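Each structure below appears as structure tokens.
There are two complexes below, and they share subunit A, which is joined by subunit B in the first and by subunit C in the second.
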Partner chain A sequence: MSTALRDFIKNPTAAELELVARYGMQPEDARRERAFLAFAETGLPHRRMEAWKWTDFKAALKVLETPAAVSAKDPLPHDGALVFRFTPKGFEAPAKLPDGIRMVAQPSVQAFPGAEDVPMGALAAALAGSGKRPATLTFEITSGDAPRLHFVFEGAGEASFARIIFLVRSGASLTLTESYLGGSGLTSAVLEFDMEKDAKLNRTIFQRGASDEALAVTAIAHLGAEAEMTQTTLAFGAKVARMETRVVHQASGSKLNLNAAYLSGMGFHADITTNVRHGAPSCVTRQLTKGAVLDGGTGVFQGKFFVPRKTGQHTDADMQHQALLLEDGAQVFAKPELEIYADDVECAHGNTCGALDDAQMFYLRQRGIPETQARAMLTEAFIAEALGMADEAVRDVLLAEAQTWLSS
Partner chain B sequence: MDCCGGTTEHEDDCGEVKVKDSIDAKTVEAAKALESENYSAGFSTTIDTDFAPKGLSEDTIRYISAAKNEPEWLLEWRLKAYERWLTMEEPSWAMVRYPKIDYQAYYYYAAPKAGAKYASIDDVPKEILETYEKLGIPLREAEVLLGVEGAVETAAEGREKPRVAVDAVFDSVSVATTFRKELEKAGVIFMSISEAVHEYPDLVKKYLGTVVPQSDNFFATLNSAVFSDGTFVYIPKGVRCPMELSTYFRMNAENTGQFERTLIIADESAYVSYLEGCTAPMRDENQLHAAVVELVALEDAEIKYSTVQNWWPGDEDGKGGIFNFVTKRGDCRGDRSKISWTQVETGSAVTWKYPSCILRGDDSVGEFYSIAVTNGRQQADTGTKMIHLGKRTKSRIISKGISAGKSDNTYRGLVSVNRKAVNARNFTQCDSLLIGDKCGAHTIPYVENRCASAQLEHEATTTKLSEDQLFYARQRGIAEEDAVALLVNGFVRDVLQHLPMEFAVEAQSLLKVSLEGSVG
Partner chain C sequence: MRPMLKITDLSATVGEDSEAKTILNGLSLDVPAGEVHAIMGPNGAGKSTLSYVLTGRSGYEVTGGGATLNGEDILGMDPEDRAAKGMFLSFQYPVEIPGVPVMTFVRTAMNAQRKARGEAEISAPDFIKKSREVAGMLNLDAEMLKRPVNVGFSGGEKKRLEIYQMMMLEPKFLILDETDSGLDIDALKTVADGVNAMRDPSRGMLVITHYQRLLDYIKPDKVHVLAKGRIIKTGEADLALRLEKEGYDGVLGEAA
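So, the complex of A and B:
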């Protein structure tokens, strides 16, 4: 490797050197260089960076290697969906797409404004495109009743990167489900959604990994006038797993539902990070994140509402995070943040954190329900609230997955 | 700072501030009364002053130490801090913006030439007397305040209200400490820290820097190197301090920084209520204030620490004003100890302040009640840290931020629960109110929970406040919203009303403030 490449990242770890080497093998591309430089500014994000203080990729990912565990089985139904499969080296798409969905696979990197804010997204944009995988995959949705698109990320390998752009045209609607099933030492995907007037998006994310893998899923969405986005995440974490969503309300009247549940056990770390900018008047955000954590598990929630001075007037936004620490040794870190410059808005946030309610437990126990079952029932009911807006086709599956985890 | 300078959010800062109709008129009025043009403490006193050479170097530190005739160990302690400070970087994470501080442009020590303590009223420089009079303290009280022998007793007798002992700090020195003798009868040590270093070196050595270590943060380290004066309080075992203690900080000299250090120790089962007030003249330059306050509460002890911070905030265009970069921390070292911080923040151009509690003892309690009002171009980034280490530790945070004019007001708080803090509890509530369309209100709470049996609530639903109290109020026909206001405000009011008259002026006007129209 040339010294020039080595100098990209200060004091690089073995994993970072490997990432630099991978970049060096890519064909020259000014936009790719810009994306990689945005990543290289910090290298793998670490705890000394405010936005990453609780999720340290640099410490968790010393070397880039294929993990011992194999990918989990995909619980989300493939029937009735158009399935796209991403593996560390390959990409498979249906042979033919129906009218109203157009896919363009490009070998070149597309411009990525704001890459500096999302180092893992910038990395994905810079390194997507090795082997048979396109550097940028763009979908244009023009239909109001297109079938569900289902993306699967699986397969063994050292690292897997993807960049996907969705253009949801005026009045069109997209139902998208994603399964991140592990198998790769590092998975980083960046998804961008450009939603025009009246466009609709229902996005559901299922994430399951192993305790020796790192995963970052970065989504960036821009909502047009009256556009509506609903997102539901169920994350079980990995050694480090960050599900980051950044949304900009760009024109008035747009609506966002941002829900997530994380279930984190021994050796697992699940991070739900969101950033919502109310860049247009009279937009609505409803956010609910629920978490349950066992001994040795970590849950992280970072939420931020940003309401600018003039454009953010009449914002109606509510952020709630509730976490259950089911066992000693569990840990939860939370930062529900508001930054408000407009004076005629309603923004609320709430954060609770604790054990199951003793009174509720007693109620169930006195009715003869064994302790383990009572605990599972209560936790399940607690978690279910965050999964209720997922697409019908997958909602019950998400609940069942949560249930299985809670009762095991 | 120029008008229209700063970040994008402040680009449209020029022009009139418009207040929406739904904001309570009394609240607007109350906030307006705190605008800089109404700042009544902004006069300066002409008095001959001794200065340390301008700027900061080892020599400055040796000068300060020599001026105070300090023992060798303290000089070493200061120099060690200075050495460490040279390697540190000024923090930039707070939501405040200010021009780069030139640390060589300040005087780090300024003392009235006439000396520090006076035996008779005739010796007290007229200028100092007048200064305290002008600050709204009647002459008779001023006599008490200035600690003139004889006057103390008469003035004390003349008072019907509970008496307050005062340590008056003028620039870098304590000019007077009242009621010392009477307090001594109860075993209470109340004196300036410079005196304590000589009279009680063992106590000072034992506790100094144990709550806020020398290298804690950039500003605390600077303070450790150059701290000038401040108050030392020790309440012995089982003593309930017979009167309120207080320190009145006055910055007077130009281009001078104030770096006081306060150390309060409440021994087992002791109780003390301590108040501090601060004012400074209107000057065009920014002045630096970097204080450190350390509180130690041993078993069953309680410390109530109240602050009315009214440093010169700068004029409406952001010219001048105090940079208030303060480290305040209390250590609930003993079981069942309690530390309670109350702060009314109305002054300073830039505030960077997080009074914290380390809840180390089992069943210890930490409280933080804050009202921060920003006007003009003031910026405040303030909040608290509650570090739960002991079992069944409890903390409560009530913070109200009111932004007006073109100011920014940020609440930043941390609630951290250690793995061993079984059954810890926290309740946090932050309300923010924006008065006008050119200011900002921000909330940045951090929660770190490592204990499954801990119960933490931040801005939880109203029913979580205290269902019993709410029910009580509701069944008597009080509307839910009024009941919540009554409970939350009632608590803060209750605390504020304990402030003595000298400090209550600003606080009283704040009591009129309601948080109707709160944005979250």
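So, the complex of A and C:
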């Protein structure tokens, strides 16, 4: 490896050197270079960076290697959906797409404004084009009743990257589901949503991995006037798993529902990070995140609403995070932030962490429900609220997955 | 005949080690099958503690004595095992369980108990049929049974829901803890009708109450007065009336 490549990242780890080498093998591309430099500025994000203080990729991912575990089975239904499959080396798409959905797979990297805010997203943009995989996969949605698009990320390998851009045209609507099933030592996907006036998006993310894998899913959405976005995440974590969503309300009247549930067991780390900018007046954000963590598991919630003084007037925003520490030794880190400069707004937030209620547990057990089952029942009821707005094709599956985890 | 519930010299504390407070202090009591016994007593006598110790709530420590149900020691069992053996507590303050509909809850409980006893699960049609009958008797709205347990219920609705659960689960031994509190007279009659319908030669009941009023509707075979953690007086149903007239001080003074 040339000294020049080596110098991209200060004191690189073996994993970072491997990433630099992968970059070195890519065809030259000024936009790719810009994206990679945005990543190389920090290298794999680590605890000394404020936004990553609880989710340290550098420490978790010393080397890039294929994990021992194989991908989880995809619980989300493929019937009735157009299925796109990403593996560390490959990409598969349906042979034909219906009217109203156009897909363009490009070998070149598209411009990535804001890359410096999302180092893992920048990495994905720089390295997405390996093997048979496009550097940029762009969808244009013009239909109001297009079938669900389902993306599967699975398969064994050292690393897997993807970059997908969705343009949802005025009045069109997109139902999107994604399954991140592990199998790769590092997976990083970045998805960008450009939602025009009156466009609708219902996005559901299912994540399940192994405790020796690292995963980052970065989404960046811009909402046009009266656009509506609903997002539901169910994350079981990995060695480190970060589900990051950044949304800009950029024209008035847009509406965002941002919900997530994380369930984190021994050796698993699930991070839900969100950043919502109310860059236009009279926009609405409703955010609900629920978590349940066992002994040796970690949950992270970082939520931020930013409401500028002039453009953020008449913002209506609510952020709730509630976590259950199911056992001693469970860890949850939470940082809810409201940064509000506009004076005519309704903004609220709540943040709670606690154990299951003793009185509720006794009530269930007195009726004959064994302790484990009682705990699962109460936790499931607690979590379910955060999954209620998922597309109905997958909602029951998410609940069933949560239930299975809680009962085991 | 051996009593169904036999409590012998039972002592129990509540609270952590150094701050543990003795609430039950050598309490003895026998309730034979087929009988309804009332426990009356002033505030702080240990009435609710007795119900929690018998059903296995955490936070209470048994420091002496014992309790058996049909000859089996129950104090060492988990709460769910006691429930499967037939112990049922109608709570003074029924707990809200958000997100869990009443029907789901009761059916889960019923099948858990059946499983613990090695019995087959109840079928969905059988469960619904039985639920409809019981709800009808208690004037419970079918819609209410689809709502999360006790969430947004009035005090009276919560108590009626306790009786609904009792009639659905058909326990062997019933403990009613202050079931009359918060009830208007019509609701009290409905609840009492439900309890009376459960009277059976094979079933025992302990009715814990502060006031005599409930005992006008649920006639006890025996009345016990609980004070300072033990039974200090036992009598027939008319003892409740005397307590009502003379107050606890009058009766306790006589006993002391």
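Here is the rule we go by: the second predicted complex is superposed on the first by the 408 of 408 C-alpha atoms of A that agree within 3 Å, B and C clash if a C-alpha of one lies under 4 Å from a C-alpha of the other, contacts with A are read in each partner's own complex, and residues count from 1 in each chain.
In this section, a residue touches a chain if its C-beta (ideal position, glycine included) is under 8 Å from a C-beta of that chain, and two chains touch if they have at least 3 such contacts.
All values reported here derive from a predicted model rather than from experimental measurement.
Novice: Clash or fit: subunit B against subunit C, after overlaying the two structures on subunit A?
Specialist: They fit: once the shared chain is superposed, the two partners occupy separate space.
Novice: Counting only touches as set out at the top, which of subunit B and subunit C does A:385 meet: first, second, both, neither?
Specialist: The second partner, subunit C, only.
Novice: Between subunit B (first) and subunit C (second), which does A:377 come into contact with in this model arrangement: first, second, both, or neither?
Specialist: A:377 contacts subunit C only, not subunit B.
Novice: In the superposed arrangement, which partner chain does A:368 touch: subunit B (first), subunit C (second), both, or neither?
Specialist: second
Novice: Quick one: is A:310 in contact with subunit B, with subunit C, with both, or with neither? Answer first, second, both or neither.
Specialist: A:310 contacts subunit B only, not subunit C.
Novice: Kindly classify A:358 by the partners it touches after superposition: subunit B alone (first), subunit C alone (second), both, or neither?
Specialist: In the superposition, A:358 touches subunit C alone.
Novice: Determine, under the contact definition given at the top, whether A:333 touches first (subunit B), second (subunit C), both, or neither.
Specialist: In the superposed model, A:333 contacts subunit B only, not subunit C.
Novice: Check whether subunit B or subunit C contacts more residues of subunit A in the superposed model.
Specialist: Comparing subunit B with subunit C, the partner touching more subunit A residues is B.
Novice: After the two structures are laid over each other on chain A, how near do the C-alpha atoms of subunit B and subunit C get, in Å?
Specialist: Shortest inter-chain C-alpha distance (subunit B to subunit C): 12 Å.
Novice: Once the two structures are superposed, pull the subunit A residues common to the subunit B and subunit C interfaces.
Specialist: On subunit A, no residue contacts both subunit B in one structure and subunit C in the other.
Novice: Subunit A touches which residues of subunit B in the complex?
Specialist: Touching subunit A from subunit B are residues 8-9, 12, 19-20, 22, 93, 95, 419, 432, 434-461, 519-520.
Novice: Please name which positions on subunit A make contact with subunit C in the complex.
Specialist: 357-360, 362-371, 373-374, 377-378, 380-382, 384-385
Novice: Which subunit C residues qualify as touching subunit A in the complex?
Specialist: Touch residues, subunit C against subunit A: 55-59, 78-80, 82-84, 87-89, 91, 94-100, 105-106, 108-110, 112-113, 116, 148, 165, 169.
Novice: In the complex, go through subunit A and note every residue touching subunit B.
Specialist: 50, 308-310, 323, 325-355
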